[in-house]
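If you scroll down you'll find the structure; I have some questions about it.
Letters are used for the chains, namely A, B and C, taken in the order the chains are written, and counting of residues starts over at 1 for each.
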Amino acid sequence: MRVALFVTCLVDLFRPTVGFAAIKLLEEAGCAVEVPRAQTCCGQPAYNSGNRANAKAIALQVFDAFAGYEHVVAPSGSCAGMIRVHYPELFSDDPVNLQRAQELAGRSWELVSFLVDVCGMHRVTAQWHRNVTYHDACSGLRELAVKDQPRHLLGSVAGLTLRELPGAEVCCGFGGTFCIKYPEISDKMVTDKVRDIAATGADGVLAGDLGCLFNIAGKLLRQGRRIEARHVAEVLSGMTEDVPAIGLPR
Amino acid sequence: MLATSRNFEARARSGLANENLQRALALARTGFPLRRRLAIERLPEFEALREIGRAIKDHTIEHLDFYLEYYETKVEVSGGQVHWARTPEEACAAVLQICRSAGAKTVTKGKSMVAEEVGLNEYLEANGITPVETDLGEYIIQLRKEPPSHIIAPAIHLVKEQVAETFRAEHRALDPARLLDEPRQMCDEARAVLRPQFLAADVGITGANFLVAETGSSIIVTNEGNGDLTQILPRVHIVVTSIEKLVPTFEDAAALLRLLARSATGQEFSTYTTISTGPRRPGDLDGPEQYHVVLLDNGRSALIGGEFQDMLRCIRCSACLNHCPVYTAIGGHAYGWVYPGPMGAVLTPSLIGIEQAGHLPNASTFCGRCESVCPVKIPLPKMMRHWREREYAKRQSPSVYGIGLSAWAWVARRPVLYHVFAELASRALGWAGSRRGRFRALPLAAAWTRARDMPAPEGRSFQSLWAERQKMQRPR
Amino acid sequence: MRAARERILADVRSSLNRDRIGADLEAELRARIAAHRRNPTPARAAMLDHRAQVDLFVTMAEEVQATVARVSSIAVVPEAVAHYLAAENLPAQLVMAPDPSLDAIPWKDWPLLQIRRGRAEANDQVSLTGCHAAVAETGSLMLISGPQTPTTLNFLPDTHIVLVEANQVVATYEDGWDRLGTRGMSEALPRTINFITGPSRTADIEQHIELGAHGPRRLHIVLVEGKQASGSNDGEQGRSPAG
């Protein structure tokens, strides 16, 4: 299968290892992966702040950049949700582009759900000896039904113990510009999330979205907690040695 | 009710700092979702009912003019009277006129969000009539002169010590040495204090959860029984309600009733679901002599046919509030008006204007939990986004965030430039943060770094690394 | 006010981008109302046979802190009521609905029970009523107002005793409504129809559930499961006629 990686701006700028981890997993699943150069952002910041014009312009760019690939895969539920759910909404009154949006939506996926639901991957060969817990990033969970798939694959990581996080489905308080515009409310939400993570006794927390992870990691670090935060792709691909946990130095 | 939604930020901050409120919210945050989930697990048909509920409400709204006229006819046939009110002033005036004609001295009141919306209590008090709130939560906040902070549990923001303090201060005729430590004692005290009021009332005012067109009936859903005592004991029963509460038949109401209590409190059914139709019948031994329905529009008709029509499906269950991480962090008073939480974030700007209520649809992460629990499938985040779109279109001078977002979008539309920027930014920040792996402080990001560290980037952009790898793999 | 009415209807129509609906659509909507089509109802009670529905009714009622005494015939109702009152340390006195369905109870077998028939007054501690139907799906009692079934009996006293005969148990709320037999005739509907599910309660203070907020603190159901019915339990008579 000819798959295009939607890198996402957070992976691109902050944590390329996640992109390489995604490629490794996709190749393990038998895909030929390409990375279109003409991609930047999915347009969600513009969209969620009410700027439909900019969101549409960026979406059109995405249509062009990802034309012709069998599948488009993003290591982010938030970006994949933007493409699958919100691009069609953006063009709901524009029949021509609506069709392009629906067509792209039909072949766009969040990484882990693609591996399990489309590629039929049921185990990985990675190992990582840790107790971890898993946070369900909101978009992936509610827009794309990403819930069982990461747990399924994590279950096959040798040496890994997964403890369920009470309130796994409660928002961490990132919300894009929300954490900047309403910082005290965001702080309360991430404080609660970190308290719940710490209460599991886990030494690591994983998730499928870097926005959530940077928010959670930032709070864990500020509180001086020794709980590692990583993107689930790093663990599944066995690349945990390639990069320190989020926010830790080399 | 006077809106203070403009002060959202300050009120949210004070809510976060309020220890009693935080204690109270902590109970709600875990309790409500758990009870709802347990109730739903016992009803396999729940998911199907959500779709049915959505369809019933949509159908009714699309034919609302027909159902309103049909309903009015049936109310009249059963001996009642409908008073149409376009505005809060018209609604209040109608209620006052009915009270005056009845020579009302004592007025009891069951919980009604529409009555809050039109400021009925203040209006009546200004005209010499003090309605006595009988719902325990509403009674407590009436004594404290506070607005409700939740649409079904108005005093949810209080801990029991605050309730005890209020009762001691206001029930001065009672023995100051009495024990008032436990909810049981406070409940008994409220029951004893309010019973004479129920019995003395000339007029009883209730809201309505649903109006049934088929029979001209109003339905109230309560647990305490106060709504029922309010509407059967006095000579006059006034229902203060709004046009979108209509459903066609009792069978339609039954479907929605199966969704309501489960979504609200996790009960199978509320203790009292009461269908009232007109005044007492000839030969009845009790019941009111007069039955009036004050039917309010106040901007709802304008929502039909537009981007916010789906909001009219709302059955006021409060599931969205109870599952909202923002509401359960800051409490209902921060929202500044009658309707808090996600449903308030959509409805409040519709009713009082986005200029006043602008913060409400913005203070959301769009986590989507509200929509996922809404019994009638209202796409709440989508409608909050529509409010943001309207605000964006009207913005005269962009804020700091607006400028930043525009700059980002400008770069994002130019991939070549974007890649240069991405590589430069990740190198710069990566280098600056390489020693510690994170930043405790970062210029332009104070809102973030005040409360948490900012993890440093790896130091190269993905696309640059990828391009390098591709070059290395290409045969020379 | 007439103006408000016209304006609201006009605003609704203009939002719907049309004028008043035409005669055809109006006929269709009237037919929809008249058809009383049920939306899908839960299988929970409907799939059971009647005996199991009665058991479900009892289970659900007890779950919400109603108490249920199952007795074999009308003849033992006075004894059951007297024992209940004694067990709850309540005086042996009650106000009873002047409901013909309660006439067959042999109260004179228990002369120490003081019974007044009528509506409830402020100092009545205990009431006794029949019911129109008992809904198994949630253990809910359906009671309707009328000259012989005053609603104050359901709310004013601290203890409400309800006599239910097994053949009054139905599966769903819609089944209870159907027994009214007064389709679309709002002038014939009772003023008040109550669905009562357990005793009064509140959770308004720290979400502690406390029973007996303003309505009855105790809801006691006496369920008669014997063959002797009192004779007035099917739909038509369940709604009190004027005579």
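Convention: contacts are C-beta pairs under 8 Å (C-beta built on N, C-alpha and C of every residue); 3 or more make two chains touch, one makes a residue touch a chain.
It should be emphasised that the depicted structure is a prediction, and the values quoted were computed from it without experimental measurement.
Student: Using each chain's Cα centroid, which is most distant from the centroid of chain C?
Tutor: A
Student: Which chain would you call central, comparing Cα centres to the global Cα centre?
Tutor: Central chain is B.
Student: What whole-number Å value describes the gap between the mean CA coordinates of chain B and chain C?
Tutor: About 30 Å, centre to centre.
Student: Counting only Cα atoms for the centres, state how far chain A is from chain C in Å.
Tutor: 53
Student: Could you check chain A for residues that touch two or more other chains and list them?
Tutor: none
Student: Considering the complex alone, what residue numbers of chain A touch chain B?
Tutor: 7, 9, 11-17, 19-20, 35, 37-41, 43, 45-52, 54, 57-58, 61, 65, 89, 138-139, 142-143, 169-171, 173-190, 192, 214-215, 217-219, 221-222, 243-244, 246-250
Student: Considering only the defined contacts, which chain C positions touch chain B in the complex?
Tutor: The contact residues of chain C facing chain B are 1, 4-5, 7-9, 11-13, 15-17, 20-21, 25-26, 29-30, 32-33, 36-44, 60, 63-64, 98, 118-120, 122, 137-140, 145-147, 150-152, 154-156, 172-174, 177, 184, 186-187, 189-208, 210, 212-216, 242.
Student: Okay, in this complex, where on chain B does chain C touch?
Tutor: The contact residues of chain B facing chain C are 24, 27-28, 31, 43-45, 48-49, 52, 56, 62-70, 72, 74-75, 77-79, 83-86, 90, 94, 134-137, 140, 153-156, 158-160, 163, 182-184, 186-188, 190-191, 194-195, 198-199, 213-217, 223-226, 228-229, 232-233, 243, 248-252, 254-255, 257-258, 265, 267-287, 295, 297, 301-306.
Student: In their complex, what parts of chain B are in touch with chain A?
Tutor: Touching chain A: residues 9, 12-13, 16, 325-326, 329-330, 362-369, 371-372, 382, 385, 387-393, 401-402, 405-406, 408-409, 411-415, 418-419, 422, 425-426, 434-438, 440, 445, 447-448, 450-458, 460-463, 465-467 of chain B.
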